[in-house]
């Protein structure tokens, strides 16, 4: 840590206190955690609440990747599936406690994320589709009958022996807290500032002294690790699953929709998007998944055409409009 | 005579078969101000890009304070003390003016001008809380400059700062650049506006088609036959 | 037929909040050739693009051959008889003949054939190259393709953006000679250039500096004026601006 | 009983011939993606879903109106062109001018893909659709003493003339010339007075029509179509298009054939891994030679 002169430290502190977005974001960490802590008292389906938390983490992961670095991974589910498998296989073959399995799931996501770092040589569509191809390739490999002795191939995983609803729920809450803390950090640190700068212009950012490759890779690996842990909690909670369930492309899609719906780059947006849309999903989608697919297909189109910054963006412009009403717009 | 800060030695750059830079060499010392002149496509911006590490030279070497820097990553070159502005200013538009400058300041090794001093020098003091995307063209260019000087570079490249600005804004910039030079920096100015150049530099290097065609005082450049031919065609000059 | 070919009055153009043209007024009479001089970034290309309708006018008016075209699409302006040769000037991956045909798309096939013959008569060098990708030709030949492409529609006004860009002095002289020939046919020319040699092919000139017109007049007036010299060498001229 | 060397040779021969046949079909299947990219610089992520829709269209036509599938290949074209024009004018004008156009259009068409998939499932059910093999000529055809499934020949035989027609359109008609002009440089095209909005809309319609008409044959080549296979087909088409070079129609032809051979070879030599072929291909190409086989390096950085 570099020494910070006392006066600068004080000014930094006061700046933080008066910065309303910081306190607003702190609320954005505390409220969801508290809400999920209390929710089981009012709503008995803990599994659905757990899935909702898993999707909050996934949406925040997309937020980190797309909102802060501008890279949209259609294959984000690859880390999720890798985490689910890494965690489960560790529990089944190495007999580690399931909680440790979640961490190992994170490591699985991290490893796959590191393997895919070369994808950052690509941009836009190339990156998005390349990551999707990579995720599908990983799914193909894991579910390949030739590898049945290692991954149980297409026959899936049974984690019934490790099931513990309380542990699963608390782990999910901790993971949500962790992901929100990471996004909070990105929004209010020099690191996050450098990511936003990279997103706008890499070369200009490097001329400001930012190590573009390193910073971006760190953010990407954070997102990959989060998805790995989310996947392994998902597997743990689901108990019995097949490769097609944890490598389902629609997991990427849903996470992307949740994040875009709320608004990327913000802390509240993806959480909000995941809660609202996942609730809608449980109301409509579980019995009629096509209706839900239709709804979020339409939501994507509407968002891109009418509100590319999501609900948070709409709220911001509306607020700005209300405040500037009557004043001369410069 | 002090040691040269930056030595560019026989640098060539090919893109595929196209030769964008052909064995360009020059040196620059502390407090010196050099103009880099040439028609469109003569290789000026490529030269800046090569020196600042966007891509490595095909041939040749670049030394900064005796250390070889060609082939290094741009952020290392920026941190070492070489920086540049962009022809089309590239401030980070969604970041505030303060954040733009803070970002660069956070990568500075050692001491240097404070945020306030930089704001003051680039005449941006009143705009510190604004998002850079809301600034006008001249202000964005000055912010680009502020970002570049935040790392306290000892060699600073200015790429077409004058283009698209009105005379008042130009005057402001010339003033700022003069102040920077008094601070002991070496400045290399790429510019088409000769009047602007004359206010800032004493020597020029004229490039055409990637090759040096003249080096010397600006006034002499304007009387040089080669330079005239390149800039004005054959019919003028008598 | 007394209206001017091009009439720009008090035009303003901006990219986002970066204003690149300010209060530009300019008239080109039919059958005359005007040269727009100015340094890189002064606004020459922007002015041509605004005249062609690629960029909207924020302020001011614009009429071409007597029609107010401020709101008109580029296609409409082309139909009026305006032709434009950009700095690139052609479609590099397409064959020379395809390039020429695109210069008069929408015309009947037989007419196209006639025009092609015309073009090949003017630039016989191109006949042998007609199947080759235009981008593979030499710089000089590319300019010839660009010019013939523009002439295929028999325009009454031709706008050219830096026809000398990327050419060696020998080819520049050739292009100037071609422009001289075109002038004799009564074609109205508006040429943006950095290269002052093109004065030889013009009746009038204007000088753009930082998005404003700083001089407008005949070639003879220009030669008496120091403004041109300043725009390129501008040692004293700019100082005057700055001090005022 | 042939000896081992002979068998290996026969297998090799088989995978080449079957690969070329399959490749011609896949080139046809991918061509529309490339056309739309070439003109608008948009990756149509709903491409695979249009292929799937074509298959469902053929199924409906066969069972409801007793239309021969080979005829259906042509019938779906005008409907798709109309759909394409409608979609174009509905979506694209709002999109152009956005700052991050490339990614936004990607997400947008992802949404379109989801809607198509959902509507198809809702309207027609989630089952795989097949057509009886005897609805098209179905006798295996022998070449060099080996039998090749008839559907491979029919698919290639239908794809080839339609591809030829497409190339004629692109290289032999005024509208095709204008299309190539827009592909080369849309500013330059505007400069000669081409209405690039109109050209783009037509290309969009044609691009989608290429997809749906290939979808009719996909029923036979893939052994059926189901609503959820769109994204997988999009990835294959993307792999082929990138392999040959984005924006270059001849590249797609080459990419399709090479893909077909690689896929058939994998089928022959490592059956369980053959689905990995397009994925490995797409990853390999975009990482190692993103400009594609026929591409020239145009952009620095």
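We call the chains A, B, C and D, going by the order they appear; numbering starts again at 1 in every chain.
Just so we're on the same page, a contact is a pair of C-beta atoms (placed from the backbone, for glycine too) under 8 Å apart; a residue touches a chain by one contact, two chains touch by 3 or more.
All of these numbers come straight from a predicted model, not from anything done at the bench.
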* Hop across touching chains from chain C and tell me the fewest hops that reach chain D. => 1
* Among the chains, which has its CA centre at the largest distance from chain D's? -> B
* Structure fact -> So, in whole Å, the Cα centroid of chain A is separated from that of chain D by 33
* Asked: From the C-alpha centre of chain A to that of chain B, how far is it in Å?
  -> 41
* Structure fact -> Taking each chain's centre as the mean of its CA atoms, chain A sits from chain C at a distance in Å of 53
* Asked: Touching two or more other chains, which residues of chain A qualify?
  -> 203
* Asked: In chain D, which residues are in touch with two or more of the other chains?
  -> 301
* **Interfacial residue positions of chain D with respect to chain A in the complex** => 43, 91, 94-95, 98, 100, 102-108, 110-119, 121-122, 126, 231-232, 235, 238-239, 242, 272-273, 275-276, 278-280, 282-283, 286-287, 290, 301
* To do: State the interface residues of chain C toward chain B in the complex, per the touch definition above.
  => 17-20, 22, 39-43, 162, 164-166, 169, 172-173, 194-200, 210-212, 230, 232-239, 241-242, 244
* Residues of chain B touching chain A in their complex? -> 52-54, 73-75, 78-79, 83-84, 86, 90-95, 99-100, 102-104, 106-108, 144, 147-148, 150-151
* Structure fact -> Per the touch rule, the chain B residues reaching chain C in their complex are 39-41, 134-137, 140, 160, 162-167, 170-171, 174, 192-196, 198-199, 219, 222, 229, 231-236
* Asked: Hey, which residues of chain C end up touching chain D in the complex?
  -> 52, 54, 73-75, 77-79, 84-86, 88-94, 98, 101-103, 105-106, 149, 153
